[in-house]
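Look at the two complexes coming up: subunit A is in both, with subunit B in one and subunit C in the other.
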Partner chain A sequence: MTILEATSPRSDHRASARQIWLLTVVLSLLLLSALSLRFGLRPISWHSIWDSFVAYDATNANHLVLQGMRLPRLLAAWLAGAALAGSGALIQSLTRNPLADPGLLGINGGASLGVILCIFLLGISDPAYFVWVAMGGGLISTVLVFFLGSAGQGTPLRLILAGAALSALFLALGRSLLLISQRSLDVYRFWVLGGLDGIEMATLAALLPFFAVGAALAAVSSFNLNAMMLGEDTARSLGLRVGLARGLAVCAIVCLCGATVSMAGPIAFVGLIVPHMARRFSGADMRWCLLFSALLGAGLMILADLMGRLPVFGGNMQAGVMAALLGGPALVWLIRRNGRAAL
Partner chain B sequence: MSWSLRLPFLSLSVSQRAVAVGSVLMLLLTLGAVLALRLGSYAFSETSWLSVLLGAGSDIDRMILMDHRLPRILTALGAGACFGLSGAMFQTMMRNPLASPDVIGFNAGASCGALLAIILTGGNVLLGALVGALFTAVLVVGLAWKDGLHPQRLVLIGLGIGFALAALSDLLLSRTDARTAADMAEWLIGTLNARDWQDVWLVWSGLLLLAPAVFWVHFPLARLGLSDDLTSSLGLRLSPLRLGITGLGILLAALAVCTAGPLPFVAFAAGPIARALVPNGRPALLGAAVIGALLVLAADTASRLVPSIQLPAGVFTALIGGPVMIWLLMVQFRKGKL
Partner chain C sequence: MAVATTPKDAQADRFPVLIQHQYGETTVQSEPSRIVSLSFIGHDFLLALGRPPHALRKWFGPHPYGIWPWAQEALGEATPIVMQGEIDIEAIAAMQPDLIVGQWSGMTKREYQLLSRIAPTVPPQLQYGDYGTPWQEMLRTLGRATGRLDQAEEIIAEIDARFHNIRQAHPEWLGASSVMVWAGQNGAYSARDIRGQFIQALGFEVPDAINTRASFNNYYVLIPPEDLSPIDVDALIWLDAGGSVSRLQRMPLRPTLRAYAEGREIYADLLLSAALSHSSPLSLNYALDRLVPLLEAAIDGDPATTVSSTAEAGLLPEGF
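Up next, the complex of A and B:
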């Protein structure tokens, strides 16, 4: 791909357009992050924000709110958005299905069931422990979905329906467990909304290794998926071990989704919409698509979180709910635009 | 082997296997209903339940049987039949055993409507579920309509809307106090707790009202399993037919959801089981209705038999239906039927 780009003037032009877009996206993301620190139930002045970084004062209420609540929240939005959108881009490329999404395919559902089991059976409510069961549940559901959706000649619709059926199963099993214990229900009904409030720095630090491993695997996979774009036979003839490459991509997806679910609950649709937006800027190259997806996903989560804090939504609407309410219509739009040809 | 009936206005052919399976199922249903009447925390003696049904018996026996158990069982049967019919209709029309109303999001609409009704009016679940399901149906069909109604687009848009509505339900669940939330969580998985004659009346009158329409679409529905081209060359108009069947299926699903809650996997499992019992390539609507009724009855009876904790029936349909679903998917995929 790179050789082609270097020799053709048209892709030269596109490459420079891409760099300009990258700059724009990064700058808007920084702006959004700054706004997210500034606004909320208690607006904090720019000056105070600056001070809290350079001269932290533990007796200053503004500094406490900023460093103890808004900053972890912002970082969580970054991580969750980037992880979900990145894994969405990977799944869409891996399954060649424009409608694939960790939420729709039941991967988040499996991870959630793991977390519910953890809360319910073990009485644990520390996300650092959640992450293992979440990844276990996510892995099982990913394998099931891929097995169910791709045995024989797979169609995109079949994969999606297999995912939806599995999601329904996990949801029903999870809700059944919750009925037995009132305490679990109280933990669950707030966690399931995909909220970012109440996340602490310690949680982020505990989950960071998982995000890092997921990101590294995703980066490696983006090269492999680029090679696989021309078809598996071509990829094989280029010396790529297709099975291993697929396995790595699945590991990246499970790692990223498991960490996100245990941090912020199951958030649907971010992984679906963002890669479509990203492809407009990145073109077909998977490495760029992944980068743009991660950046735009982080932006979308910050935006959803920020919008949820508006007075219109009562001041504390969870980001996951906002994402779902925005994502449903976006999916409808995608389906209507793609028509039957793309399915 | 099959028997045929030919009248001037109607000709039917019924296979012997269908008749045999049907009789066994009806026998099972009767036995199951009697068993469900007798079992429970208040035990009837060998004959006392029968004497109550015949108009005699002690007051307490009478109260337990007539005010509690019988309405509950009849509601379970009616709701199960509605779920089964609705699921089989969607699955045949979409040519896909995964496309039942609980998988593609129509039940989510009914649940959401019912939750809103609980929050806004403090009760009135029935009306809320009906309005919610109909609103979702109009929304989904309206959005999926583009040069006619294509099953794939209907499924996908139903899924998308269903996911958004499920998020809304979760939101509603978190915005209430803990007590209401517990009630709502129970309702959200489906329960037949404390049904009365009003529910029986609602579900059975609805079922009887819709039965002629179901009978009428049975014949074109069997043709919809063929390819689009073949179906239209038989003189069937695809889009209006699909619209009608979707409407009917949603009404049935809504009826079931508002009396029994969104019991998972009944609509999903009933059709494939019926088709597996009588594999003649037809929609097997009647079979699906009977299997649906059996499933709900079994789940509800099981839920009453667990001592000390009150588990709703939906827990059991999920526990039965989940593995059935995975097994079905594997069998279907192996056969290449999907």
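Up next, the complex of A and C:
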């Protein structure tokens, strides 16, 4: 870690640029958050937004919409975006694979299968219950992936292969069940698009511990991953227990992604793309990369959710779909601008 | 099959019959004995005509053969083959049917062409679209295709008379607004849907705000949670396919609805929702038995009268 803090005129310059970027990103994020409360199908004035916080009136429809719907979905966008992008940065660094995505650890596949089984076997169609089955499914599959991936000699590559294989298996199992039951399909297809509709404060509160633990583990892992950047042998010689460090990072990813997928469904692209954008501002330092990823991820989710609510897109396009629509072109732009070196 | 016991041999003279539909026309040469029903609700209609299908397409629900309680008696000892999911043409060919009926099945033109090579196939008529055929037309078409037109007309006259009598007894319903909404997703059924047709047959009107937003083959409109005004009606009927009570309880804007404040919400449990969603000659009577008293309680003008099903589901506002 000390290696990376060596000062030189160039890194001084770099550091101040980074702080300016950080300020810009934070301010944009606050602006986006305000816009997200302000705009939607129902026009609500700034004044009304202020009132809903300081003088809440349970009979005022605007206040009900703000406190019961827009605020929870804004907070959910913050959490989901930051968690997905942060764990994307972790897994890309952990596996040294720029195209790695948190979905590769089998979390999305396991969570999806859990939700399908819940609809199919128990006939439950209330998304409030999906939180727990998705979490369960995600955890079980990640444990399986970790077990398979570390059998014999555990390497990041084995982990990814096990994740990809199990994800494919779970998706195939889930889809075959959906083919049998039309009604399951109807309920499932809204969940699987990934969105922030109908998220409630109670759900957020219940998942908050997972996000908190995940964030703490991610912060610790960012130091470890910095040390591992020069190779595992170097890291060992610096006194780092590589196996433990890797395990902690995986735990962080599982907590963050498991909580996100159970809250908002499997949202693709955010975890893949945002770390690449973040690296443009942060440089190679994993701690800064994680911070920028979390902030930019939150921004992307809020923007996607906000755009999905615009009348142009029918007023209720799922945030997961919009994130992919925004993120796809952004990735193409990044690649064209920087060539493969950026990845 | 119970064919021989039915004293309606005179109807055998009616064959062949020609049926016009959205993909052209189909001729049924003689009285069919092995009928495959691809419609999600069509088996109920065939059972009403005393013709249990050889195979049926299960829609939803926990009942054997996908047959709901109102049709259990009509099923009798019959044991139809149960199909689920997409239309499986190979499996249908193996059944060697002599009639395939599929109004309310969503069969595509290509599926129709393949099915027609197996047996005479009846898709919906052009003007009604995939899932919009009124129950009367559906029964009439099946009556013609199975040589039971007289029986079909009798059933239609009976049920229509019942609707007529209910309308007569409730002049206050005439022109009042009402809509059925699937509670799972806030999907409001337009007047083109069989559930919209049901509520209109009682004298109510489905709001224009919903009808104008539904298109030809789109029978329900998703109501955005930030604006429930399209379903702010005189009698609001929540259809629950299971597990949506807690969703209704937590819906932020529901307390702003007139129907909520004035006790004019009607909660339809799984069985009543399914009866309304089938709208078959057998389920209509069941649905009327249960829904009419609930509508009476909802729309009597006195907010103090509680709607029993809504109260039992725990959906009444505090103070009721």
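Operating definition for what follows: the second predicted complex is superposed on the first by the 254 of 343 C-alpha atoms of A that agree within 3 Å, B and C clash if a C-alpha of one lies under 4 Å from a C-alpha of the other, contacts with A are read in each partner's own complex, and residues count from 1 in each chain.
Rule of thumb we're sticking to: a residue touches a chain if its C-beta (ideal position, glycine included) is under 8 Å from a C-beta of that chain, and two chains touch if they have at least 3 such contacts.
Computed from a predicted structure; not experimentally measured.
Of the two partner chains, subunit B and subunit C are each touched by A:I180. Shared-chain residue A:L37: touches no atom of subunit B or subunit C.
Between subunit B and subunit C, B touches the greater number of residues of subunit A.
Of the two partner chains placed around the shared chain by superposition, subunit B is the only one that A:V321 touches, whereas subunit C remains out of contact.
After overlaying the two complexes on the shared chain, residue contacts for A:I124 are found with subunit C alone; subunit B is out of touch. When the two structures are aligned on the shared chain, A:V332 is found in touch with subunit B, with no touch to subunit C. Residue contacts after overlaying the shared chain place A:L157 against subunit B, while subunit C stays out of touching range. Of the two partner chains placed around the shared chain by superposition, subunit C is the only one that A:A61 touches, whereas subunit B remains out of contact. With both structures placed on the common chain, the touch criterion links A:L148 to subunit B but leaves subunit C unconnected. Within subunit A, the residues touching subunit B in one complex and subunit C in the other are 179-180, 182, 190.
Here subunit C touches subunit A in the complex through residues 59-60, 62, 84-86, 184-185, 222, 224-227, 241-244, 246-247, 250, 252-253, 255-256, going by the rule given at the top. On subunit A, the positions that touch subunit C within their shared complex are 40-42, 58-59, 61, 64-65, 67-69, 123-129, 179-183, 187, 190, 197-198, 200, 315-316. On subunit B, the positions that touch subunit A within their shared complex are 96, 98-99, 102-104, 143, 146, 150, 152-153, 155-157, 159-161, 163-168, 170-171, 173-174, 178, 181-182, 185-186, 188-189, 264-265, 268, 309, 311-312, 314-315, 317-319, 321-322, 325-326, 329-330, 333-334, 336, 338. Looking at the complex, you find that subunit A touches subunit B at residues 99, 103-104, 144, 148, 151-153, 157-158, 160-162, 164-165, 168-169, 171-173, 175-176, 178-180, 182, 185-186, 189-190, 192-193, 268-269, 317-318, 320-321, 324-325, 327-329, 331-332, 335-336, 339-340, 343.
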